[in-house]
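Here's a structure for you.
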């Protein structure tokens, strides 16, 4: 058995960090002795624990790494080890794989904040700075952090003071008073806007199919939409609705299939392609209403990511998916809230890129979708099982958007 | 091979009856020759076919029975064979098992309309009348129709002129413009009321959990609710909401769990039991608001059927399930529309009792529930995948109910 | 502000009890000071905390009650207050509402273990004993515990040593290696049998529809089935399968609808009713195979609870739901494991009656059903999203049952 | 009112074509007179109808187009009108939008069979041939069919003689005897192989997560897998399983999360990227087992299409989605059956490309996914709600694959 001492400080009892630390030790087949423990006398005082761990040598490394992810660090500090990538698009062996939590790396005795926290990346250090980099962006020679030493993450505390506190529990249920939840989300949006942060929307085509174009446009006019990520289908069906009044061939005013309706989306895509771009289609009067027109005329940033089931696609769709990820990444700095409506593909894609500090609200009528999205365990995400069409309408009402 | 000639008349092409008749014949391994066929020249003319069937003797009986269910009858007419039940609660061997379609039985040369069409019953004849009877209501000596001869059912034609036509397709999807569907349902309710038929609601507790008490009460005040079937949970949580402002312990105004909230429903049930009955609880001021109070003060008929998961139960809950079915049956004559909200148990129970001529609207957020409910293949049922809370609110709005 | 001191002892850190205690205090708007804290030096040592709470007088009562539910009790001990019920079927005002956790009540200075822990009951004390009683079983004059004082519950610790540990997390997902889970469940069943505890099965009709009669019968023959709770549908469709080879009219050997199949279940029910009882039907050769026959011939206890959607019902179905609950309660003592297959109604009913100490395995293909069942938050329940037909077959294989 | 005469011939009664023709006429607000009608006397004789239609001039065009899609054509024949595309990637105005049904176009008096039927494409004619072309593959100057005239589609008849007949009903239910269905699918696979057609598999990562690598590899060894379409996740998690024994970090042999497991897929991707390609990774011994290795060593064609949520991606993933579609199209000729397992994205993508004559079997545990996939209304698709892991194992057993 080998022993090591770790220390941990903060609201480690009520944020459940200490129990999880002890759990990890036991689960690793190791033992602990609590050398010293100072509990915060009142709620506002931090607590502190120094814990001696005895573990088999081969288990100790992994255990310390996991404890590090919880914020419990060995007392001695080392620099992170950085190794050059040997070829483009490949990390060196033993690369440190990031979480989306705030992270610091120790380089030349200095703790550097890692820029743009994102999960499943590497950490590249250069010129006194550290930043995340996805595998495909690595270039031979980049210095990439390897191993666990010299890297620390800051766990999120429970967001007690968030207006969604009590809801932000990854809990999904359709048997809740949804009207109240919508009010809370509206409050949170007001807070985010006051803090001058951006509100990001990830939209699935159900926003169009369910007849929510008008209330969503009202949100755009009200300034509640700063960035939109979506796929080809959202854009195609919005154009279809603008040109033909249908979505997937179903009349949005009558609810019944329209004459030749199943061809409408294709004819709409063709018309926008002929115009040359979405902005040109707006300018030339091809798109005289709808979400796309509103995004263009209100200067909202839009990233359309392609997928293998796309028809067309619409001009502006980034058909290379790695390029699409890069385009999405560029718009994330400054985002303070993400609302994800009825799209598993783009919601997971966005969730992969977002730092853990950005709260997420996911709305879908299918609880299985929410379970998949929220499984990633962010304590800052709220899943709402409801009809997305009725949700957008209620939210626009709650925000007084017209 | 044995041959038999059947005739069929009506809109047998566009109602798909003729193709299904031919299908049944082929599926039974039999052969047909069309002896004569007069097709309606225009849409309003009925068509007529006389078909000769050749089948193995052992298959012919079952085939003729199935063709009878489609309205194709042998040309020769026989009286139905009625046998006395040999003991209480048991049909005689070979009893005719009913569908919920309009049915006639030939007794003493007379075609009698079978009263109260209901599926999975027997037909009891007495005093020149024929009526359905469930197994448990049979008494020894009752004359019960046996075999297929002398019984004819009238298939439903496609409800071309219903305001829901085009929707009434057992189709369930969350990707439709729900607002439009709600308008159509409101139209249908207006039609039913003008025809002086009753509107039946089957309510699950989600109506309370989702915060829909107020809009539902508005529907009661507007006269849109004539009969309610529900279970103990709907009543208990409505009483809980009236007394504590919570549902399953969750505050309906704040959306968060209330102090001691999980005990509320039990305390509410206890209080109503102490009052002696729901009506007494309304009178004594125990229930000063909510659905139960509205039903009592507006004279709406209410049947509460018990289930094995019930707490309490609330006074008035019929704890014997066979008695509960009898209580429900008593309220069905005159019903012109059934709306079923978020309860699989009570919706299936009601669907079992309803004649096929009554249109059904089922609303649930879980498509699996609707699939089960609508599998029974009524062409008069509409499934809507949406949030029941938001649905009730929209419907009350569409009907101008306050 | 009023102050009170509570004490708590045990594995309060790694079982998350202490953090939850502190959470409750903060959530109630109260404050705490930790007067003394002794942390277990090693994993096997219990910890101990004495905490001073300052709260508004009107909030203190509820807070102490919630802390009591977590095992944190005031240092001074009071007897429980017992009041006589004033009428049949009604608790006195202010009755103590039970959880399903092990509970003690202090009567005449003595801590009595409350017999038959069951949630949503009252506690009746008589002749030096305390037991749970449901509302409907209360008789006027029964002494019922009121208020929180003098009642203590023992929270469950995390079942570290259970063979299901690591799975028993209320987690539901279809994307797990199900074969491994099945092996663990088999291990747990072996453990339970070695401990001479009973294995309870709660069965939905999907067990028959999915073609699992044979493997389930193999489990009965192997002695893995001690008690069965089910509804009318399971019994009716098993009888249908025994007599006609179909389930809901679908041939179990060909998978296609059978001739006149939709009447089969009704004819099967009628035949068993004519026999007089399920046992008589087995004896008279009406049921020559299937689950019912196996249960009868192997002496397995069977409770069939009625529901309002039932046809027939089968003889033996307890049609009064409150009586059905009583019948179920009688078989619970000695149960060491409950397996619930594809029935929301009977699973919730059983979950309501079971003590929290009995582990539960729920299997359903619909994750929404599991979410509802497991929401009750027992740390001893495992939800498995899988095909129940394939599950039963695999489990029988894993246990070597033929 | 304008009149037109159409003719239709075939099994138009039992294939429901005639009723649908009459329905379309009535739905368009038009009227019909049946000029002549010859009904097949026996099941094997075709029927024939000549129908005069009277409709408003503006409605007649669309109506004739819809009737054409059902196989009812005007008696006079015209050549299709072909117009040159005015720019790359854009169809001319009024382009004919294809279905996936067998289609003919009349060019210079000759009926040409349109090659590679695919929905939502245009028809390009050149050098006496006609073929489908997606919008993005159009080059300026290509001659594209416009309008409805001169194009005829052949509706599919009901696949009475398919081994899946009776199942192939787009019906999804978890309450069926799944074992029987699996046997039928195995029969169909044998038939397809005997006809020397290819079997295409579309795989989601759940195939790996649920522990189905081994039985799937057995199917590959048995020669039951000719083409595989999948995404990055399937490949990444198969590589993860090969290298670490985990899938998404969960041990496939123990079912519990593995040490550092959540990083495994990233390290596996990195290792395969370092090798340079999947084939190189197999050759260099990086992948010593699993699906990818089997596909490489057995020469099975593999198309990996990228998506915006991908990590890495694995080498060989086609990151441009339009290129991925092209790669998929290349492998479709000769496919006689498509099995789609637990992937909505790739299943929809494949369904978009497949001719309607290829039967499809979709397996997913989530009925909502199947509903979306099968909504497209192919009469040749079977949806099976079951656990994909248990399904693959049973199917391999039914085919005797080891």
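Order of writing sets the labels: A, B, C and D. Residues in every chain begin at 1.
Everything that follows uses one rule, which is that a contact is a pair of C-beta atoms (placed from the backbone, for glycine too) under 8 Å apart; a residue touches a chain by one contact, two chains touch by 3 or more.
Keep in mind that what you see is a predicted model, and the values were worked out from it rather than measured.
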item: Longest centre-to-centre distance from chain B, chain (CA-based); value: A
item: Computed distance of Cα centres, chain C from chain B, in Å; value: 33
item: Chain B and chain D, separation of their C-alpha mean positions in angstrom; value: 38
item: Centroid distance [mean C-alpha coordinates] between chain C and chain A, Å; value: 38
item: Residue numbers of chain D (touch at least two other chains); value: 366, 368
item: Pairwise touch network: line, ring, star, complete, or other; value: complete
item: Touching residues on chain B, where the partner in the complex is chain D; value: 13-16, 18-19, 22-23, 25-26, 31-34, 37, 39-43, 160, 172-173, 367-368, 371, 375
item: Contact set on chain B toward chain A in their complex; value: 166-167, 174-181, 184, 205-206, 209-211, 247-248, 250-257, 365-366, 385-387, 389-391, 393-394
item: Complex interface listing, chain C residues touching chain B; value: 28, 62, 65-66, 87, 89-91, 95, 97, 120, 134-136, 231, 259-260, 263, 266-267, 269-270, 273-274, 305-313, 319-325, 328, 344-346, 348-349, 352, 366, 368
